[in-house]
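Next up is a structure, given as structure tokens.
Note that the chains are named A, B, C and D in the order they appear, and that numbering of residues resets to 1 at the start of each chain.
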Amino acid sequence: MTQPGAPVPDLAVTLAGLRLEHPVLNASGTFDALETARHYGPEALAPFPFSAYVPKTVTLERRDGNPPPRLTETAAGMINAVGLQNPGIEAYLDDLPLLAFVPVPVLVNIGGRRPGDYLEVLRRVEERLAAGAAGSPQVAGYELNVSCPNVGRGGLAVGTEPGETEKLTAAARALTKRLLIVKLTPNVTDVVAVARAAAEAGADALSLVNTVRALVLDPQTLTPFLGNRTGGLSGPAIKPVALRMVWEVAGALDAPIIGMGGIACGRDVLEFVACGATAVAVGAANFSGPDAPRRIVAELRAELVGRGLPDLAAVRGRALV
Amino acid sequence: MTQPGAPVPDLAVTLAGLRLEHPVLNASGTFDALETARHYGPEALAPFPFSAYVPKTVTLERRDGNPPPRLTETAAGMINAVGLQNPGIEAYLDDLPLLAFVPVPVLVNIGGRRPGDYLEVLRRVEERLAAGAAGSPQVAGYELNVSCPNVGRGGLAVGTEPGETEKLTAAARALTKRLLIVKLTPNVTDVVAVARAAAEAGADALSLVNTVRALVLDPQTLTPFLGNRTGGLSGPAIKPVALRMVWEVAGALDAPIIGMGGIACGRDVLEFVACGATAVAVGAANFSGPDAPRRIVAELRAELVGRGLPDLAAVRGRALV
Amino acid sequence: MNSTAPPPAEQTCATATSGHYRVIERRSFGPYALLTLLAPDIAALAAPGQFVMVALPGTQFRLRRPLSLHSVGGERVRLLVEPRGEGTRELVELGVADTLAVAGPLGHGFPLERVRAALLVAGGIGVAPFQFVADVLRARGVPVTATFGFRDEGQARLAGAFEIDHLWVATDDGSVGRHGTAVELAREVGAGPQASVLACGPAPLLDAVRTWASTAGLSGYASLEAHMACGSGACHGCVVPTREGYLRVCVDGPVFALDLLGSGASTDASAPGAGLAPDGAKPQAAQ
Amino acid sequence: MNSTAPPPAEQTCATATSGHYRVIERRSFGPYALLTLLAPDIAALAAPGQFVMVALPGTQFRLRRPLSLHSVGGERVRLLVEPRGEGTRELVELGVADTLAVAGPLGHGFPLERVRAALLVAGGIGVAPFQFVADVLRARGVPVTATFGFRDEGQARLAGAFEIDHLWVATDDGSVGRHGTAVELAREVGAGPQASVLACGPAPLLDAVRTWASTAGLSGYASLEAHMACGSGACHGCVVPTREGYLRVCVDGPVFALDLLGSGASTDASAPGAGLAPDGAKPQAAQ
């Protein structure tokens, strides 16, 4: 598609001061750099397919996660209820040096059962980094996954309440100078209200969206298929909903946005950017194979070439009319 | 699939006292009995494919609807922003006798720009029916479409606020002895709270869900495709979300439910019933052709036969574990 | 409940049908495909300018695709398909013996009863309905002139799917036929002051046709496109703004009198996306 | 940023690859299909009991399907596919020259190094991995006995896809081979006290194998199924409860030691869906 002599478009973006080679991050929980290297070899990660690396959510204590089954397919999407299985922040930090080979900024995604847990995790990461752990990757900041059920509020996620979101964000803000990203849930009446609360409390950027709460039955027994009964819907099925939310938030606030939800090709990336996103994340599409992120970035480049656009700034916010 | 001698399963259901030959209604706005008869002839409606007929939303005043484009396809779904185009309640009532040939109960679906409008529409229908309009169809009740933007509350739909929903439902309840159904929007943090408000204010049944707010861009211009910019997502893409909401409401309340959202085959009907629905409605699937409802009812019957079930009661609520 | 009560008298006769039909012949014209379906009941009801709703193969949910009747002969109907997006790409790849679920014929076609001479003006895949139109007019002895405009040589392959006596072709790049547009060609070729202009094609073409016809004092009709769901008037999803307000392309059209599409027609002109035809044909432009 | 920094030493060697591979042969066994792919790089890395993730054709979003390596020869790998749902139905309809996007080989297969005699016990499509197992053991001179159980004559067609010297078949309805299950057959046929039991099949079969092996004092392994997304350890979506907590079928399995699947293994037994193997194989039972 490249015209002879046509300039190669510049995919670089700057997310709240963090320069990224291109706008495509991985969505937390859907890509693991260590496992990818282990199975598909170092070539699969050189160059690293994402411009920043978001490991899966870590919590204060170790979590075994939800009982299986944990996922299945839906029409143009998938549902999952992994339940934030993770080894807890201490083991996570002990293993952090294993990620030293990751050549892009790392964003630590944090979850918790109560607001205090998020803060304690963040504090421990800061502590460990301040101690200058040898061979650590470049931890550029945090993504607060505020979609986790909050035991203190009857299971209501922090991210469903602007007030709770504001309190947690402000407290986290006080603990770190690194990039602070709040990852919003789409399961709310008014996503702008929650986004505003996070932005006003000091979030540097907003990620949206997390998965949409959903239910799938076992076709034989007609009872809930997932061990956790309900789960989170993601993939192309939810793209129009995610796009709407990014568009609404970008239209109302100035905070930079990492858009996600159903991105499966370069055109999708462009659409999120047109709706105001600065960067994007690829989740379910990783499950189409290890080549997915590179294909998406290549398609994005081809889209810009085909449209004669020099960079993403030429498109950003175009849909905000 | 029928075993020789196996009893034919009984598909009849009773929805808040209203006996229906089978559980499959049409979703408002997706099927028009007059147009179907006009194009595909009377055979297409004899026997009538739905067990009750829900015409598209009527409002107090005539509405021209949204500027085009009004719809397009999405991954496993579709988006629409028709904007409740309708001739207004007076013309609607004048044309009601044209529906006299409809051999099933009719449920008048009402929308409005302010709560008072719904009530005025309902009052006029009652009035006209009390006057004993000759040759009218059997108007069994109402479905209040509370997803319409409410001009009095900055465009917030009545159905996003439990308090507003309760007030509107209670006022409507006072105006009619017919079946009163409230049709809920999925665009809320807590669908159970709104459902409870409607049920406690006297709704006989709840319909859920309406469409999910979404955005689709024109792939060329990267600006919103629909004339109204945002629209409502429906079809199989949203089925897991709809199913979750039906399951949540049925688990929390006793009110009968008309489940809808992405139903495309007999198995889908069974799944909604397993999640607690008494009846269901078919929307987007009507657009696969005039034979869709009959196929779905036939598949439902075959599912029951295949599972050796005598009727839907044997399945209802099975997923509520 | 008496489930066999008849609908009102005006509705006792079906104008369309729906069923599964077999592809019995397939011809290629470059990337375009001319599919012949054995569909006696559709053929029997069809009129020129009408369309069908075609379900795409496979089990995933997709809206049906509206396609014009290219021509009808005996028990056969022909569809001329341009691969635009994914759905039409699947359709052009169908082969003989594949079957398609089709509903139709639908919509109001070109009112040809009072046409004394016809000038068919079409661009791109907008040419599709005109074999049927020409066939019916020829059978009635009405003189027909067709001017078809294409982007380039590749698209001009579409002309191969037509047998019309006076068919002129133009291309935007001059590679085939005259250099220019279908409307420029039509203006040149002319068809006498009595001729009806029958047009179909992208928004700019219809725009130019409308302007030319009104200055030249010619009356005529245009076939419009819109994204459709039901294809039969139920969903109000396919409207275009006209002088009479929003009208449904699927049942009030797809063919509209040119002068219905004039300015000042929109009922909600301030809203985004609102406007007049050829804005009414915006969905097409959007592709 | 230095985007070429090497990953840690332990990860410098790929164990799997991903690419597009051509179907070069297809054989039918009743409704089942044995597909041979030309996939030299996968073949070179493969071990018995491993699987591949196969992308379904088409552009719609779908998770890849995990399929066992039925056998490997030279540059070829074979997949034996049962049409269960929509995806596998599409796979059995593939023909020669179609290509498939495949990643693999993945997972830990059967640890055959110390096997002195093997009793392969499988039911239904669970037989799939055992040609590869038998081939490798035969090459090493290890005696192999296989007992396969099927529902009925139709399913027993699967046995045709195997060349194993001592292969015994049972059917639930007695229509082919012995009347009964693979485990009953295995119990009868036996394989000596040294034999390793290698099993694959539906939950009740694995349950029965586990019970029998433990009472008979035999050690062995079972290959489990779970719905998968990444297939390579990233998503934690495919876990089964074991004595060591939740383990991922895709990387910790699919083959697990039978005694790892014993009772008391669940870490969260109170939650719905929790439980022990064969509950660990519940996704399969759910199909």
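Following the convention adopted for this analysis, a contact is a pair of C-beta atoms (placed from the backbone, for glycine too) under 8 Å apart; a residue touches a chain by one contact, two chains touch by 3 or more.
Worth saying up front: this structure is predicted, and the values here are computed from it rather than measured.
Peer 1: Which other chains touch chain A while also touching chain B?
Peer 2: C, D
Peer 1: Please work out which of A-D and A-C is bridged by more C-beta pairs in contact, and write that pair.
Peer 2: Of A-D and A-C, it is A-D that has more C-beta pairs in contact.
Peer 1: Which chain's C-alpha centroid is most distant from that of chain C?
Peer 2: Farthest from chain C by mean C-alpha position: D.
Peer 1: What whole-number Å value describes the gap between the mean CA coordinates of chain B and chain C?
Peer 2: Centre separation, chain B to chain C: 33 Å.
Peer 1: Which integer distance in Å separates the CA centroid of chain B from that of chain D?
Peer 2: Comparing mean C-alpha positions, chain D is 46 Å from chain B.
Peer 1: Provide the list of chain B residues touching at least two other chains, using ranges where the numbers run on.
Peer 2: 75-77, 219, 221, 224, 229, 235-237, 262, 321
Peer 1: Pull out every residue in chain D that's touching 2 or more other chains.
Peer 2: Counting only residues that touch two or more other chains, chain D contributes 60-61, 272.
Peer 1: Which category does the touching pattern between chains fall into here: line, ring, star, complete, or other?
Peer 2: complete
Peer 1: Which positions of chain C touch chain B when the two form their complex?
Peer 2: Against chain B, the touching part of chain C is residues 1-8, 10-18, 53, 55, 60-64, 101, 103, 106, 226-230, 232-241, 245-246, 251, 266-268, 271-275, 280, 282-283, 286-287.
Peer 1: Can you list the chain B residues touching chain A in their complex?
Peer 2: My answer: residues 74-77, 79, 160, 187-189, 212-217, 219, 221-224, 229-230, 233, 235-241, 243-244, 247, 262, 267, 270-271, 274-275, 315, 318-319, 321.
Peer 1: Which stretch or stretches of chain C touch chain A in the complex?
Peer 2: So the residues of chain C touching chain A come out as 60-61, 272.
Peer 1: Considering the complex alone, what residue numbers of chain C touch chain D?
Peer 2: That would be residues 58-60, 86 of chain C.
Peer 1: With touch defined as at the start, can you tell me which chain A residues reach chain C in the complex?
Peer 2: Contacts found on chain A: 75-76, 321.
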